[in-house]
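Below, each structure is written out as structure tokens.
One chain, chain A, appears in both complexes that follow, with chain B as partner in the first and chain C in the second.
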Partner chain A sequence: MERLLQIVNTILENRGKNIVDDINPDTNLRNDLGFDSLDLAELTVRIEAEYDVDIFEDGVVMTIGDITKKIM
Partner chain B sequence: MRNILITGVSRGLGLEIVKSILEEEDTVVYGISRSKSQGLVNLMDQYPFRLKWMSYDLNDVDHVRARIFKDFIGIQTPIHGFVNNAAVAYDDIVTNLNYEPLLDMYKVNVFTPMFVTKYVIRHFLLHQVKGSIVHVSSISVHTGYKGLAMYASSKGALEAFSKNTAREWGEKGIRSNILVAGFMETDMSATLTEDQKNRIYKRTSMKTPTTTKSVAATIRFLLSDLSRSITGQNVYVDSGTI
Partner chain C sequence: MVQKLFFVDKRENIYKSYEDLYSDIKQSRSYNKYCFEHSYYEIFKRIVLSLILDKEIILLDSDFSISEVEKLIEDSSLIERSEEKIDLSNYSFDLERILKGTQLHNWRITLFTSGTTGLPKRISHTFASITRQVKKSGNHINDIWGFAYNPTHMAGLQVFFQALLNCNTIIRIFSYSREEIYTLIEEYGITNISATPTFYRLLLPVEKSYGSVVRLTSGGEKFDARTQYNLLTAFPNAKLINVYASTEAGTLFAAKGDVFQIKQGMENLFKIVGSELYIHRDLVGFSDSIKLQGDWYPTGDLISVVSECPFTFKFISRKNEMINVGGYKVNPHEVEDMIRSYPGVSDVVVYAKRNSILGNIICCNIVSESVLLKEKDIRLYLSQRLQEFKIPRIIKFVDKLEVTRTGKITRDRL
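For the complex of A and B:
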């Protein structure tokens, strides 16, 4: 979760948005973090570089919990 | 260093693009083709550290990420530009159209390049690079020549793809442009008779073939920061087709 938080904050910083102190499995990427489709693309890429998993390849990813399920 | 991925580097226009880009001392070229020609070997001797090459058959849509981006370039190496140059021409009249050669051509000219673009953009995002993409199209899309309907349709697909890529990724500073080339004297046009060639050249303002040097130099410009504000465009280098 710590590493995922860093990735999320990198993307928020790159967009000039405020970083967050914590995330949890229910954190919604669009509604809570304000990610748009291009931010989600960057998230996919950063997770892929780290974990070698393409989180959007099959199915929908809405929350942090959806991501952790795929990379654990 | 600026790292540029180029397909179809073994001969013709591709080889000329590599030459032109390597003249800039801060560039490294990652080149792809099926075969390694003597011309390419000579260039690799001249630039042992700045010209890297891998054999890849662009008919293979499925291993783009694994072979090109993980093995060859490496996920940790940023890419700054991509030139989609490799192509084949399926040339015949429409009433003779066959599915297999059509599909083969579309894989090489369109499908695999679309996947390369997918991973190039992902690479740009990972490394926060405002990269530049250039697809090589053909004047046949805009004028029409007998026997080139299938080939031209594949290039038309690239033009639409480029336009929309530019729109989609512009806010990240990522650019995509088309180089619309006129007829050049390369292997691809070698099967044309003198008479056919002359008829084609007559349809240009300059009445001459387009030089690969001029096309390559324009691509080099489109990859460079000098073209920072140019995106979503078709740039014609075609001896002024009329």
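For the complex of A and C:
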């Protein structure tokens, strides 16, 4: 979760947005983190580079919990 | 008829009937051929006004920076200086007559597309060429359009003219959240949506189905089978049509699935050289920056022939290096030029990373002259000069750029 938080904050910071202190399985990528499609695309590339998993491959990823399920 | 709803932009609180449109236009006291507007309604209104006046209109993306605009039109003060006074107070509206197009002599619409040499191409279309694919008939009179494109781009204009010529209602859904879009589809009974596969992908997953939608059109990038399948579950009454369209020529072919067919009678307007698709100049808008070869325009699209008779084919890829980010074309050379202009950057290569959301995102490797070069400062610099989707999402600092054996910078193997 710590590494995922770092990735999320890198994306937020690069867009000039406020970083977050913590994330949990229920954190919604669009609604809570304010991610748009470019952010989501960046997220999937960064996670794939790190974990070798394409988290959006089957299309349904709404929350941090959806991601952790795929990379664990 | 004129009471009919013309355009809704719920977030901007704009609800305009055709009558409102006419009365807003009548009150216009000036006309400027450079349209550099943020509001979709203002852009649509300006286009209709240009048709009434039979004057050229030049569309600039509202998110162009001043330096981008200056590259395109040389002097941004031209925008201010092009303002001219008009008086339509005694004008009696006859949109039907105008939209026949027969009385338009000077009108043309100019827009800018991402070019291959760093500078966007300027493309102009006549009324005939921009409305070539518009289907106007009684069948379309009750269409209600979900507007899912940028209004200053070719695809958005094609939807706009299709809707306008049939006196349809247009509901903006572009850059709205999924929840807002579904609410609008239900509230207004949207029947037609034309959007990129990326737009559709972001509409999914969906919990219920929406019966009002009867036609989904898509184009601009490859449409994966899974998204298509899921979309048809969400919109069980919809037909899904793929189109091939370009800023140079507008919509040329439609396909079910990914196999395109050239319409009967149009065979002579296309040819294949190598595996590249060429289209005849009669189908292309006019532009100094379009390089014709004799009467033919090489599209840069590589295709493979499926059958000879009737002539059908599939698209394989682009010949050049444009990077497709969710349907928006990014020219890596343009982004590289901009990054290179930042002090302390000695070299840079821009490349794509594939992903299943937008197709690609932009990344770059930078060779810096100084350890003082900060990613944050480069981002700030770029954000003032480039549209958001062109700015690299992942910036790496490297000691040197990989080159091929012939000494060229490679984008492919990064």
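Annotations for the structure displayed:
We adopt the following convention: the second predicted complex is superposed on the first by the 71 of 72 C-alpha atoms of A that agree within 3 Å, B and C clash if a C-alpha of one lies under 4 Å from a C-alpha of the other, contacts with A are read in each partner's own complex, and residues count from 1 in each chain.
Assume contacts are C-beta pairs under 8 Å (C-beta built on N, C-alpha and C of every residue); 3 or more make two chains touch, one makes a residue touch a chain.
Fair warning: this is a prediction, and the values are worked out from it, not measured in the lab.
Looking at the shared chain after the overlay, A:Asn14 reaches both chain B and chain C.
Within the superposed three-chain model, A:Tyr51 lies out of touch with both chain B and chain C [touch as defined at top].
In the superposition on chain A, contact is made by A:Arg30 with chain C only, not with chain B. Of the two partners chain B and chain C, more chain A residues are in touch with C. In the overlay built on the shared chain, the residue A:Leu40 is in contact with chain C alone; chain B does not reach it. Taken together, the two complexes place residues 14, 38, 41-42, 44-46, 48 of chain A in contact with chain B and also with chain C. Of all the residues in chain A, the ones that touch chain B in their complex are 14, 38, 41-42, 44-46, 48-49. Of all the residues in chain A, the ones that touch chain C in their complex are 14, 16, 30, 37-38, 40-42, 44-46, 48, 54, 56-60.
Of all residues in chain B, only 75, 121-123, 125-126, 128, 169, 171-172 touch chain A in the complex they form. If you check the complex, the residues on chain C that touch chain A are 177-178, 198, 201-202, 204-205, 226-227, 230, 325-326, 353, 355-358, 361, 363, 375, 379-380, 383, 388-389, 393-394.
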